[in-house]
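The structure appears right after this line, and notes come after that.
Just so it is clear, A, B and C label the chains in written order, and each chain counts residues from 1 on its own.
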Amino acid sequence: MSGEMDKPLISLHLVDSDSSLAKVPDEAPKVGILGSGDFARSLATRLVGSGFKVVVGSRNPKRTAGLFPSAAQVTFQEEAVSSPEVIFVAVFREHYTSLCSLSEQLAGKILVDVSNPTEQEHLQHRESNAEYLASLFPTCTVVKAFNVISAWTLQAGPRDGNRQVPICSDQPEAKRAVSEMALAMGFMPVDMGSLASAREVEAMPLRLLPAWKVPTLLALGLFVCFYAYNFVRDVLQPYMQESQNKFFKLPVSVVNTTLPCVAYVLLSLVYLPGVLAAALQLRRGTKYQRFPDWLDHWLQHRKQIGLLSFFCAALHALYSFCLPLRRAHRYDLVNLAVKQVLANKSHLWVEEEVWRMEIYLSLGVLALGTLSLLAVTSLPSIANSLNWREFSFVQSSLGFVALVLSTLHTLTYGWTRAFEESRYKFYLPPTFTLTLLVPCVVILAKALFLLPCIGRRLTRIRRGWERDGAIKFTLPTDHALAEKTSHV
Amino acid sequence: MSGEMDKPLISLHLVDSDSSLAKVPDEAPKVGILGSGDFARSLATRLVGSGFKVVVGSRNPKRTAGLFPSAAQVTFQEEAVSSPEVIFVAVFREHYTSLCSLSEQLAGKILVDVSNPTEQEHLQHRESNAEYLASLFPTCTVVKAFNVISAWTLQAGPRDGNRQVPICSDQPEAKRAVSEMALAMGFMPVDMGSLASAREVEAMPLRLLPAWKVPTLLALGLFVCFYAYNFVRDVLQPYMQESQNKFFKLPVSVVNTTLPCVAYVLLSLVYLPGVLAAALQLRRGTKYQRFPDWLDHWLQHRKQIGLLSFFCAALHALYSFCLPLRRAHRYDLVNLAVKQVLANKSHLWVEEEVWRMEIYLSLGVLALGTLSLLAVTSLPSIANSLNWREFSFVQSSLGFVALVLSTLHTLTYGWTRAFEESRYKFYLPPTFTLTLLVPCVVILAKALFLLPCIGRRLTRIRRGWERDGAIKFTLPTDHALAEKTSHV
Amino acid sequence: MSGEMDKPLISLHLVDSDSSLAKVPDEAPKVGILGSGDFARSLATRLVGSGFKVVVGSRNPKRTAGLFPSAAQVTFQEEAVSSPEVIFVAVFREHYTSLCSLSEQLAGKILVDVSNPTEQEHLQHRESNAEYLASLFPTCTVVKAFNVISAWTLQAGPRDGNRQVPICSDQPEAKRAVSEMALAMGFMPVDMGSLASAREVEAMPLRLLPAWKVPTLLALGLFVCFYAYNFVRDVLQPYMQESQNKFFKLPVSVVNTTLPCVAYVLLSLVYLPGVLAAALQLRRGTKYQRFPDWLDHWLQHRKQIGLLSFFCAALHALYSFCLPLRRAHRYDLVNLAVKQVLANKSHLWVEEEVWRMEIYLSLGVLALGTLSLLAVTSLPSIANSLNWREFSFVQSSLGFVALVLSTLHTLTYGWTRAFEESRYKFYLPPTFTLTLLVPCVVILAKALFLLPCIGRRLTRIRRGWERDGAIKFTLPTDHALAEKTSHV
């Protein structure tokens, strides 16, 4: 096998590679492929491009040949699997049995299972495709790899796709051989342990944004609640008590009073868990205690919650800018002007109202500007170019600034309304008053943690100090993450 | 210890590295550089930083020395090339001949050609720089590498630059040696085969956004056509038939009625090829048939078309938000108010108009919001963090939602206008009616494919099933890409 | 050659790995960890996940065990350090001495110092943590590594974190061993040379956006100056000379007249240094002369200046779109309408004003659109997907277009105002006139460089040609960067 596997681009050593080269002068490592689907074809193209010699096994070579790069040799399955040590099995699970006829030629070779089960197949079979393949070919070493890579990425190369290739197998050498091929093809192999984890690896491409599910549902839930609340206050109440038809407000106005509430609450929910974690640590007097699961998960979804908050804030801005484009706005203005004339009022000006709006708008723009910086720095490519201190400075400090700014934005919007009885329609308080609760708690807590007495204690705890007699529980390592990224 | 360190993924062993080190105790690998330009200097800095011993050959060492990092030894060319096995040739093609005097010392060594021809040079010489160098030094092994890397990237390191380094040579060992150096310097070597492909490698840095040419021209073309059409309808017609001077509309209004048309049509053109591909496969009853080239290329430019569509949509939003800032808007409002007063109309309100605009604006914002999600997920760093299923979910499902939203946006904009004769200026239908054609076709087709009877057949075909007697053609592998990323 | 090429950082080979495997069948490499903090735990998790056998040394194994992944063996320090060759020291500097009891068992082993000093510690100790550790354990080889990686990144894996791991040590083999482990864990080792550079490596995580300091201060400075200037002209002057209360303009109007000035000047400052560099080269008749430091640094901060310019421009847009939302705007309109009626003027229309605003707004949107393209292409993940020519095309050509567009935007804003005496409040010229200075210089200079006579000379110089008798100075390599990215 050494002769075969010795050659890929990045098998780095010259002492013995030279010697081994002496044995096999200029023969590129040979790789076999079974199958003729899109994936098989892309795989062949990529392998050829990475300096491998590819032999494709097909039941009908004449017909299949045209589908593959000319550099790849297409022949009958029996012939194709004879010489190479590593053979990629690129056929659907249901056709695995059709390969059993080859079991003799395949004996002792490395079979790379690249298959991806569909959702149904994955649920239906308790046993992973790779393990099933292994059970069919007990004399072969099965390696699960490349299933997370799409045919597109294989062809276009790692630049246009995810570099990481999870690999698992029960035989270390086989795993390493395939790892080196992956590296030679420009991918980054990641060891996933034994073949038992093949099922997990096969589940990876079935993921559908798991980290976003809960935050998205949360945002939608908040939207629905606030929308309903605003509908009652701004549309239903006028209709029932003043019999005014304000239903035209549904598409824009009500949405635009709802979005900022959602954005604002979501933003505060990004910083609340950090505060809770800190409080918990202070009370327990140690950090070596596991947090309740809900807190752990919350801490790990802050990025998503924060981005959703930014998205809502941005939509809020767009909707606000649309307000003057509305016919309703135009009519209101004209009618106001006419009213002025009829009332013989020559000059209309309410200094307080003017100031309120100017400050309100300015704070809003600044808050959105700060949030946009947060959003940009959470792009993978930017986050990766920041060191830990820079990242937490932006995410934690700037984020807190954004929270304060949007609180002020909300307060100037509310102005004195919270104290005007007329605002309590159906005895319901103005919406903004409801949104203020959580953010204010967070801000106050953060202020407290800045007090030297508390702050110093917290730092000591974070550094591993413990209050005597702090009860010990186990702390799951996944919690290290949350703590490390704590925004406190 | 070898036993210990031997096993992980990318074989770690110290046995023979130790032994070999024993032979050459603490001497870093030595590399030669010929040339003293920016590139030579950056190369030297990078090599030194990656633990290599660098010897620079110069005709005037005393003068050149100051330009290089102090760690690099600068000496006369003859001396510099004597000991190292690998020598970087960082001089312009026209000076290659000046090195012929060194041919004896260079015999049997590896010459790395890092040169980049200018466009003219590339067109002028049929033969690549690397091949030319090889012809001058038949006793050396020439390797083409690092030409795609800028001096900037070399210095700043891979983080700030593209990691991939295409490498080609006729000698595998030489190729591997240079690949290892590239890896050691933090780059990702990519095997490009024999030196014959040097010309192709040298052409890489000359690329100028090839994938964007056609889509950009398409967008510009659409813009010009729609602009002309709108000009005739909104400016020329009033001028000629009602002798009204509306030319002030040219900079903003006409542009702002044109941009959405372009954005909307472009968006539909992102999804049309997928529909055509599916239709073709259904008719042929197989996927193993090559699509016409134009369709292949179209399928591969959808990303660019989609991003241009988003760009136009965003500009449309900006222009729309500018409308109320226009003096014309101000004057219109005031004049309308005055007219109201003179007509003694106390209250102006057209419920239908109000509703139309509210819905129109809301749909517009939502469409833009959805498009922005698409744009963000097509950023390399984000796309790479998504698995295949997540990517296609966003690009295909969300994209289709955006298409539907913008169709509704267009329809509410049009409202009943399509049926009002007065709108047909010069007998030209309102612009929006023209834009509706393609999108509606796409939406209908997609709806059809969702019908179980057709949908199931399509899935079977996509999975490799073929109708008996489906005529077979060859399918180019580059088509696998298109199919894999099909938005259907 | 083997001696030479044997050394690079990463070495993979199979021939003898197989042979050596023969000796030790299936035993994963064993790694030791001292410490039980977050980092130790994350490290253990990652190592286990990458196929290493992990032994954790603790003073109180029973208690600590729960904190680590079950796969990791937790035992007493003495026992833990006995068998593995590589031991990670994950304890705070102040506890290093507590390990001295282990010095016998540790003799001859590789100690990996992963510690990160705090800012104070870093300033306080002249000697790096790694060197301090080395001084305590003279019989061991100390390697500095992984300190730039956060516990989060260690666990979540390279995809969610920076891949690069700077490594330094005085012993090449030890360095390579750790480099290979880093690679096996999915990171990209970067050789930083001897242990002497440990201090530098330890300083890396302490960086706080150094490249942004100066540009940010510059932007803030400009903002303050222009804000003060506009305050005097727009608020103070009316108050003092016409005793009008315009203070309500402070939050929005004044900010919105200030932001564009800042954005515009910053943009011109992105292109000024390139012009200066070119001018200098023309005068000196050579490029092999070092630029003054201030110019070097300026050239290297253009990206940050440009992004800040875009940020200000975007805020300017947001503020502008807020204008019609202001109460002041509403009142002005109504009052204007009323005035019209009272004056019995039925139709209000100033063609010139209309045209001015339309052109002004259109140019503004286009300028912002162009700037946004620049901003997007300076995202790492996008910049990396562009070759050198594409990047400079976008940054230099598109950037210049943006500069021209914003100049026209400014000029149409100014219109004839520069020549109206009434505009010179307190004899102060209108703000926009001040901002025009630098950009016009840049544009004129660029126009000059396009003249064949000058242009050709410049290209020759850039290609290395020198005027006879051009005095020679040394050129620092860091300058190669600046030159390579010259926007000229």
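Following the convention adopted for this analysis, contacts are C-beta pairs under 8 Å (C-beta built on N, C-alpha and C of every residue); 3 or more make two chains touch, one makes a residue touch a chain.
All of these numbers come straight from a predicted model, not from anything done at the bench.
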| item | value |
| --- | --- |
| Partner chains shared by chain A and chain B (touch criterion as defined above) | C |
| Self-contact between copies chain B and chain C, residue sets same or different by half | different |
| Superposition rotation for chain A onto chain C, Cα-based, multiple of 5° | 120 |
| Centre-of-Cα separation between chain C and chain B, whole angstrom | 23 |
| Residues of chain A whose C-beta touches two or more other chains | 10-18, 159, 162, 172, 176, 180, 183, 190-191, 321, 324, 333-334, 337, 341, 379-381, 384-385 |
| List of chain C residues in touch with chain A within their complex | 1-2, 5-6, 8, 10-18, 21, 26, 28, 37-39, 41-42, 44-45, 49-51, 63, 66-69, 92, 148, 150-152, 155-163, 184, 186, 204-209, 248-253, 255, 311, 314-315, 318-319, 321-322, 324-328, 330-331, 333-335, 337-339, 341-342, 379-381, 384-385 |
| Chain A residues touching chain C - in the complex, by the definition given at the top | 1-2, 5-6, 10-20, 159, 162, 164, 172-173, 176-177, 180, 183, 188, 190-193, 288, 317, 320-321, 323-324, 333-334, 336-337, 340-341, 345-351, 353-359, 361-362, 364-365, 368-369, 372, 379-390, 393, 463-464, 472-475, 477-478, 480-481, 483-485 |
